[in-house]
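Below are two complexes that have subunit A in common, paired first with subunit B and then with subunit C.
Entry: the complex of A and B
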């Protein structure tokens, strides 16, 4: 415990790996912890061992060399290490049932994003999951969902899932696209951004074309709900012209975009900002990942969701600036080495407004139907929470105090934003003025005995 | 809020104390407005436990005061419009060492003489009732009328009841200035406009000193931090709430033997409460750490360790979250329920670890003080004058509405 690392990085996704590659290369002692057993993060999950590495396209295959480079870069990697609390100079984690704390001069949070939870009736039924969760099963265990599948949502990952289902011969009843029809018009205003990343754009167009060609697509689907039936699941939805339809399915994959998983940055009491276009909270950090707390930085999706290429470039920039701050690089050298990464980020930024408009969340989707369970842990419906809100609660913390959403096992990870959207709507408040739930340690349920067995960190107070 | 408002009395703070004061004033027919910068239960009253206790004090005047305060909850249960999870199951005071046992036995006799419903369980009886109790625990003094409740629902219910009785409740409104005219209170300025009033009650917990300072009144209240651990839902671990005898010692800053250095440093003493939701709250700690309410793993660890000493099977329970709050502590740990030297300015604050227990009695007395009546129970020793920091307070009865 006496050792003080130069850098501790939480998360070995593209961002964290790239930070480590830079800091280790410039001679800083670097520790990387990740709750997964292998490096790779969300997009390159299990890239080092997956049987799917050759079968999921070149995006996924690109992870293998990066993972190899990371494992050989000289940083120490602690797999299966689940971080439950942090401070600017230390990290607490649980590994194989034992808790430890480690200290560092700089801590980087590169813990990524999550799918935006959008409650609708029946979304807690067995067989309904996020399309990201399905992606995880595919990459890590080669598991495909049981067909027929109904895909429902908005965002590039819906199209990607539709293409995967086709390629692996999983029957799909329909792809319900919940994005607004007007999005494309707004997006076209930013069409010039396409020129910055033509390859990436074409890849997207290609996925959309394949989806349209091979799957039954319903544009502008709304009022979606799921119920149990003899055959498994039944998906109810309304078409653009308001006709009500039903579909049978064994599996329903939902996806309404990706948002930063801010519990860890809120736990660190960092300053956050609201992104009105993508409708999510994110940590407020500069391009070097510096947050409102000295010594604590962020990299990758945790700060802004811009995809794997940007996450890698951001991670590299954060690493380079840490090298400068800890005296391994001069300002001039940092700037010189940063150039190629800054260029990548510039290109990603240029295309971002187009993507933001095209995949903008549909406001009606964000106001859950009264029957939808919003807080899954405490099983609280939107109807009940709506009453509590109208009775006189004006913030997520206020509702939490009166009705317990966010007090269960997931500590508000799932319901936090949905509750805020409901309050904003009910009281006519803007989301910026609705701070998220206060996050408290531990980040996940921890055995009390494990806490007791941990060496005392009291001399750090 | 319209730019011009007025009220006979303005209560600042929507915690347990402020909402109770507003509630009694409204029930007593006073046109009262309660101003809270957040929502109802925003400060310490949403970061505490909900014990309504008489175990805390040796026999005497204050003990009787606590008991009278507790009786009011049995009444409130009937008139409050919100289910505040009132659980009158009693609370047990656990003893884990022979020296303490003697004191606790005296306490038992004294409380019995004062008419309390108390029972003493020996080792075997305790094991019979609580099969998960730790081996070191040798006795339990039960305060059978002590109870637990949900403080956040209580505050909300008190605010609602005040409103139903004509009070104006103003959540999300922050007081920025106290106004006087000819040396007497004349109003409060908030971020939503001015409220004209001749009476202001400061029941703002740990923030009370900064409000008093606006008019040069010194109110000696310091924040005293406490941590609470919340477990996942468990069943069959324990049947009611408990607290260790050592809790009474940490409150008065007494150094204890037989605890680890961390427990001593953080003032850790065991308290446990099964919540209505099925989770278990395990506390707690006591230390002066400024306004910091970010839980610290070292304190969490010490609280957990103390917990497993009394209930070893807690070890296998999972911790869902930890939170910390700051008790408003006066130098002698007694509340301040008082007029001040500024006519029309009252203080109801500084309840330390008893702000939930004593909120109703504070509200009732404060309503009497504001209306110029003599309190129904002697509260003279809760006057701000006892500290000698300010000119003598205006005597009760001279501040009629």
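Entry: the complex of A and C
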């Protein structure tokens, strides 16, 4: 019979690496697959090999020892392995143009988060990309835009990008901050949480101060759109007092926070929950990562977006509980080993309400301008989709059947939530009650030949 | 346009973008390698719009390119290799071409 792994972990970011470190340490055969060619995920992207490792602050530098520990922990790592189907005891992935089928007693999905796609007119133009995409280029290839850059959005990653641009002498035309000014009032109700992570909080304040000091910041920018110009790109926006302004740029970086990438967990038909503050769907899992499907767990940002420190602790807890379930640890030993990780999570949880309120997405940003292309693959504008919705489409799958958003190569990863937000707004529905696009295998375009060539389970016996 | 802020490792490979040689650092993804030579656009949508990589992490599928004769490859998940032939993917993917390549 073919090998049955004790644990297969999908995703070698902070959470997945820490799960593997625990399960391998306690003697469980562990396979880790990741579609990137190196472990690290996005936050520690290329940390094991990047020449930028000492130049982007201590948060990123912390990735290097973790990646080293992971690569030496005894788990088998399969890089460049893109998972296209999943069940509680099995994983299908494509690697170098060939598909493989692997089985396990426990499967952990640690696939992380993505930048929230917020459609606006002109965001499909070359030269416009996610701020996180620029961060990936910086970490993995040492590349930064030549500028001038316009940074636009809301969230700690906007501030981080603004600081990096300053440190590496990239001209920035302006930083358009789209968060609501009133958010601070709501956030202050949770100010006591700051005491749980003072160092982390001060790091954030420091980034904000540097951004304000070194960059031209526009607070409360709205009605943002991008057009082509002779010089490259032109960004149009309205100020808080309603004045319309223009900026030249060669690169525009957009960022409206981070949301779990739930396509793989919806494919597995896991139970999800809606986060009303940060407005995203996430997997409903307990602190040991147990989801609604026995044998299938989640770890890290896929369950709740709390960043790298929490993801590492969560990943470790998931690993420890798998060791208990598979008989490698007694309940008492699991609890004893879990203590330091539970403390970290408690501290992260204490500060999270403050961060979630302060960086809450701006409702107006989530209702795209009629000219904005919502479904990039099928080139469908918000104006067109809005008509379809108002004519009587009440669910994302309904709009999909009617007008094809989500039918292209990205399979709704980019437009899914934007379409749902439009439906909720048009018909006065709550997002919580809107079923998301149904996810089907394969999770990404796959050559039919690959399926034909793949050894079937019976041949593997 | 992008600039290199890291020191070169000295290890480079040559790939071909639309037939023209491009020297890039080993270990770079195709999407990063062709940022400048492609002027930011690496495919056209089926309606003919110029598009380029948006997410750089395998989600948006805007970076689909033809790599070594195989269409629909995610350039941001593909690492450069010596002599690699990279082409823009224009409009609707040509599935007949794919059949020929893998016939």
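Going forward, the second predicted complex is superposed on the first by the 455 of 461 C-alpha atoms of A that agree within 3 Å, B and C clash if a C-alpha of one lies under 4 Å from a C-alpha of the other, contacts with A are read in each partner's own complex, and residues count from 1 in each chain.
Operating definition for what follows: contacts are C-beta pairs under 8 Å (C-beta built on N, C-alpha and C of every residue); 3 or more make two chains touch, one makes a residue touch a chain.
Please read these numbers as outputs of a predicted model, since none were measured by experiment.
In the superposed model, A:441 makes contact with subunit B only, not with subunit C.
Of the two partner chains, neither subunit B nor subunit C is touched by A:374. Of the two partner chains, subunit C is the only one touched by A:261; subunit B is not. Within the superposed three-chain model, A:409 lies in touch with subunit B and with subunit C [touch as defined at top].
In the superposition on chain A, the chain among subunit B and subunit C reaching more residues of subunit A is C. Judged by the touch definition given at the top, the superposed model places A:382 against neither subunit B nor subunit C. Once the two complexes are overlaid on the shared chain, A:365 sits clear of subunit B and of subunit C alike. By the touch criterion defined above, A:449 reaches both subunit B and subunit C. When the two complexes are overlaid on their common chain A, residue A:52 makes contact with subunit C while staying clear of subunit B.
When the two structures are aligned on the shared chain, A:395 is found in touch with subunit B, with no touch to subunit C. In the superposition on the C-alpha atoms of chain A, the part of subunit A touched by subunit B in one complex and by subunit C in the other spans residues 408-409, 445, 447, 449. Those residues of subunit A whose C-beta lies close enough to touch subunit C in the complex are 35-37, 42, 49-52, 55, 80, 82, 97, 114-115, 117, 124-130, 132-134, 136-138, 140-146, 168, 170, 250, 261, 376-377, 379, 408-410, 413-414, 444-445, 447, 449. Those residues of subunit C lying in contact with subunit A across their complex are 1-7, 9, 25, 27-29, 32, 35, 39-41, 45-47, 49-62, 64, 70, 72, 74, 77, 79, 98, 102. Put simply, subunit A touches subunit B in their complex at residues 85, 92, 101, 269, 378, 392-395, 397-398, 401-402, 404, 407-409, 411, 440-442, 445-449, 451-452, 454, 456-458, 460-461.
Residue ranges of subunit B in contact with subunit A, taken from their complex: 38-42, 46, 152-153, 156, 160, 171-172, 229-232, 261-262, 265-266, 277, 279, 282, 294-298, 300-302, 304-305, 307-308, 314-323.
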